[in-house]
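Quick one: this structure, given as structure tokens, is what I'll be asking you about.
Chain nomenclature is as follows: A, B, C and D, assigned in order of appearance, with residue numbering initiated at 1 for each chain independently.
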Amino acid sequence: MKASTKQQTLVVSCPDSAGIVAAVSGFIADRGGLLVEANHHTDLQQSWFYMRNVIDMRNSDVSFSSFKAQFQEIAEAFQMQWSLRSANTRQKVVLLASRLSHCLADLLHRWQDGELECDIPCVISNHEDLRRMVEWHGIPFHHVPVDRGDKSAAFAKTLEITQRHEADSVVLARYMQILPTQFCEAYSGRLINIHHSFLPSFVGADPYQQAYDRGVKLIGATCHYVTEDLDEGPIIEQDVIRVGHNCDRQEMIRRGRDVEKLVLARGLRYHLEDRVLLQGNKAVVFS
Amino acid sequence: MKASTKQQTLVVSCPDSAGIVAAVSGFIADRGGLLVEANHHTDLQQSWFYMRNVIDMRNSDVSFSSFKAQFQEIAEAFQMQWSLRSANTRQKVVLLASRLSHCLADLLHRWQDGELECDIPCVISNHEDLRRMVEWHGIPFHHVPVDRGDKSAAFAKTLEITQRHEADSVVLARYMQILPTQFCEAYSGRLINIHHSFLPSFVGADPYQQAYDRGVKLIGATCHYVTEDLDEGPIIEQDVIRVGHNCDRQEMIRRGRDVEKLVLARGLRYHLEDRVLLQGNKAVVFS
Amino acid sequence: MKASTKQQTLVVSCPDSAGIVAAVSGFIADRGGLLVEANHHTDLQQSWFYMRNVIDMRNSDVSFSSFKAQFQEIAEAFQMQWSLRSANTRQKVVLLASRLSHCLADLLHRWQDGELECDIPCVISNHEDLRRMVEWHGIPFHHVPVDRGDKSAAFAKTLEITQRHEADSVVLARYMQILPTQFCEAYSGRLINIHHSFLPSFVGADPYQQAYDRGVKLIGATCHYVTEDLDEGPIIEQDVIRVGHNCDRQEMIRRGRDVEKLVLARGLRYHLEDRVLLQGNKAVVFS
Amino acid sequence: MKASTKQQTLVVSCPDSAGIVAAVSGFIADRGGLLVEANHHTDLQQSWFYMRNVIDMRNSDVSFSSFKAQFQEIAEAFQMQWSLRSANTRQKVVLLASRLSHCLADLLHRWQDGELECDIPCVISNHEDLRRMVEWHGIPFHHVPVDRGDKSAAFAKTLEITQRHEADSVVLARYMQILPTQFCEAYSGRLINIHHSFLPSFVGADPYQQAYDRGVKLIGATCHYVTEDLDEGPIIEQDVIRVGHNCDRQEMIRRGRDVEKLVLARGLRYHLEDRVLLQGNKAVVFS
């Protein structure tokens, strides 16, 4: 639901132990905060604890910065990795695309419609095709062609533009290039890709052709964080759609587009709402 | 996941206010309890709070009964409706069936396979057909025929048998009779039905024929608590399956059976694991 | 899959009898036509037969018009309702919308992307809001406000514009007005609506609020032909999405949009590809 | 729908050419047959044609054997692979199982309930566990233990029992052994397995552990024909179910069972109704 501007989201992960919830919820209650939404997860195998709290501070006189500063004590006591985000703060999300328009058009419409709560400082593409669509939405478009012989200059420029726009997160909306390690590391845990297959099936090139050749009865899409290991990063969201013998590769591509769009939009939304907590190469998603 | 015998589940609902989670989780932590699973829900419209905690008491020296007695104070302070159940306690579930075997066979197999954590003291049916199946599972079978002219005697006897077996909950596994108000009230919030349509579509008789006549493209099933108002009780779980022009009523019945079985099994499981909290005529399900 | 321009689609329905397929397929083979896709359905209850043939005429020297003229004889012999459409002919589809943009934006993008094989001569709306979006796609936009006191003038004008553009079909992309009988009859079997519920559940106003109040676990959307009886016309396509206790009405609306878009796009596609054959108030859909 | 005893199913695949449907449907009509159900598929890439006709011979005086003999001429003209099965003939299906009961219990109940139209001459298992369940259904149970050191004797005996019972098809209902080439070849295209993952994901051992480790958001099951290449045979049916971070391996196994049961039952049904036509390593399924 729509976040009030007096809300803030606290996300925590730490070694499991008794008293974490008591300490955190006591801290919140003592400062007049009201829990609007709370999600917990205990990974018994790893003995690790994950928590997300959406806190209504309407009746509190503790400022965001004081709350944050004071929480540091608890965080240290429990060895927490944590973040606190105010509903007033919108993430800056840079989108990368190539020629295929469906994912980009879908994200831009959701953004324009007020569904995606973020700012989009710019779109970067290695092709010119989507400029008109992007600019119609009032968003700057940067064309950074990638030279097959030497891609490094293009990636450096892409990274430079992304950083210049102070991107909090980056979304690959069917961007058809493999980003270098440096880029992946710069945006570790904040670089989101949509892969057009139900991973780990059909990694690599042309998954729809692979799916057609294998004769699967469902095709899918996977939204995941990009890591150095191609198609191996933590999975945020997946879904599938039914196909049959009457679906050739073209028809699979057509049906697949609908899944790609939905899965990317859902995954990005989870990310923007701080619903995704990393657990090694896996993602805890409080969906 | 499989519950350890040192676990207990605390379920709470109460008017929303600051400090509930802090009070409850503090209470648990003070007694050496460890949160294994926690679900919260705040209904902002009704200003009502719902919580379910699975607590590991392995490292605690507070007994179940002491824990329960001591919790009373918090419960009163926050005007809670609440329950505490030990993983050692299995609910007694009486099953009612008629002639159709699929839901009953499915539940009995899951129970035999150790998937449904409950005791089944008996099965009651208004027909003899399923006796052999029930008794093969080692469960007593009671045949209580329902006389069309005067059903009250049969229902009284059914209620008497159910109460004699000290049933905690009752499941209507395609039991084809409408139970009287007295029965519904005696097991309010503990009487589970599977309706063979996607409610509120197709209430009343022969929903598959209704679905066929209307030409819908999906048929469904609904697991709900029975109230006096037929087919109107709180919904626990629903699901659907695709049908097409090549499905006549018989084929819809056939496909529908698979959804009925799954939805009933899932709904019952949520109920047994104390995942269902009533909210007027709606059910909060921590699935 | 993409239709070649030498393809034509023959759609037939008639009383069932022996020899229909033999006669039709013999007719096609005799003229050098090759069956690319064929769908049959026999409604045994109504004793009615439905058939759709996609025919490749690449190796035929029989023209479209000769084929059509010669087929008349068979059609009469079997009392067929039938149509023959060349892949060269694109339907003209007029879209009606109000203020909500998601369905319209989705259809326009699919059309621009080459996925929807039709022409869109214009969009008509009772509000100005969507003009900019429509015109950016190079499509004329007509604003026909509907006066609450007397709606007839607006509907007459809407019908006039639709007819002036020689619309083959009309799509209500969340058009929030109830069209008069005259309009429904003028485009009988060619007037497509998207209803934001899983019909027959929640007919009438604000189905998401109704769904919220009833506590259903899935919400849906229904694409159907509009008839005089509101929300009662033949269903072309339906789908659902899961919701839970954490979904208020706003969140249901948000999730529902994704189903509405998909279901309308699929339904329209079936219609454009002549996959929908009417059977009284039901639709045979060769999907 | 339930097949009348005067029905027969004709299944054909052959190189694509003009006139196949005309020839076959003419042949049927000439003999007084009425098409009850017809499915066609043209693989344009391979230029291959697939057809399934369910024919009502109620008004025909041509016997099954004459029909079959006379059809030979057409079959040769078009180089068809084909089969004709009378609705009077039920396939004999031998089931192989190990210790897990869910798939076997599900199939046996469907069979007992009249849903699976086949005979089950016996169940063979490498363990004793399921004897009582099988025998309760009135079906002979053969215990053929598999010696880890030398499995060949056990497989030879399993094959011998299967052949002695004149099995038309064999189903591996979570049979935990890899059958030797000889067995696979003896029942090529008639040996059905349920694999507990969404192939081609997670081939090999313990797919649920693999799925857990990879953090996928959906798990699945695959019904396929067994070939020499383990987990690589033609896929008949697949489906998935949603999982989340709160699902450990045990919970995945539990949820997965429901998908396994459904997918195997559907796949077997397609097979028994002659809806599955092989196309190299892929299966055309007229579902």
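FYI, a contact is a pair of C-beta atoms (placed from the backbone, for glycine too) under 8 Å apart; a residue touches a chain by one contact, two chains touch by 3 or more.
Here the structure is a predicted model, which means the values were calculated and not measured.
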Practice problem: Looking only at C-beta pairs in contact, point me to the busier pair out of A-B and A-D. | Solution: A-D
Quiz item: Among the chains, which one keeps its Cα centre farthest from the Cα centre of chain A?
Solution: D
Quiz item: Distance-wise, how many Å sit between the C-alpha centres of chain A and chain B, to the nearest whole number?
Solution: 37
Self-check item: Where chain A and chain D are represented by their mean Cα positions, the distance between them in whole Å
Solution: 41
Quiz item: Residue numbers in chain D touching 2 or more other chains?
Solution: 1, 37, 44, 246, 248
Quiz prompt | List of chain B residues in touch with chain C within their complex | solution = 41, 43-45, 50, 198-202, 214-218, 220, 234-235, 237-240, 244-246, 248, 279, 281-285, 287
Quiz item: Contact residues on chain C for chain D in the complex?
Solution: 1, 16-23, 25-26, 28-30, 32-40, 42, 44, 59
Quiz item: Okay, in this complex, where on chain D does chain B touch?
Solution: 1-2, 37, 101-102, 105-106, 109, 113, 115, 136, 246, 248, 250-251, 254, 257-258, 262, 265
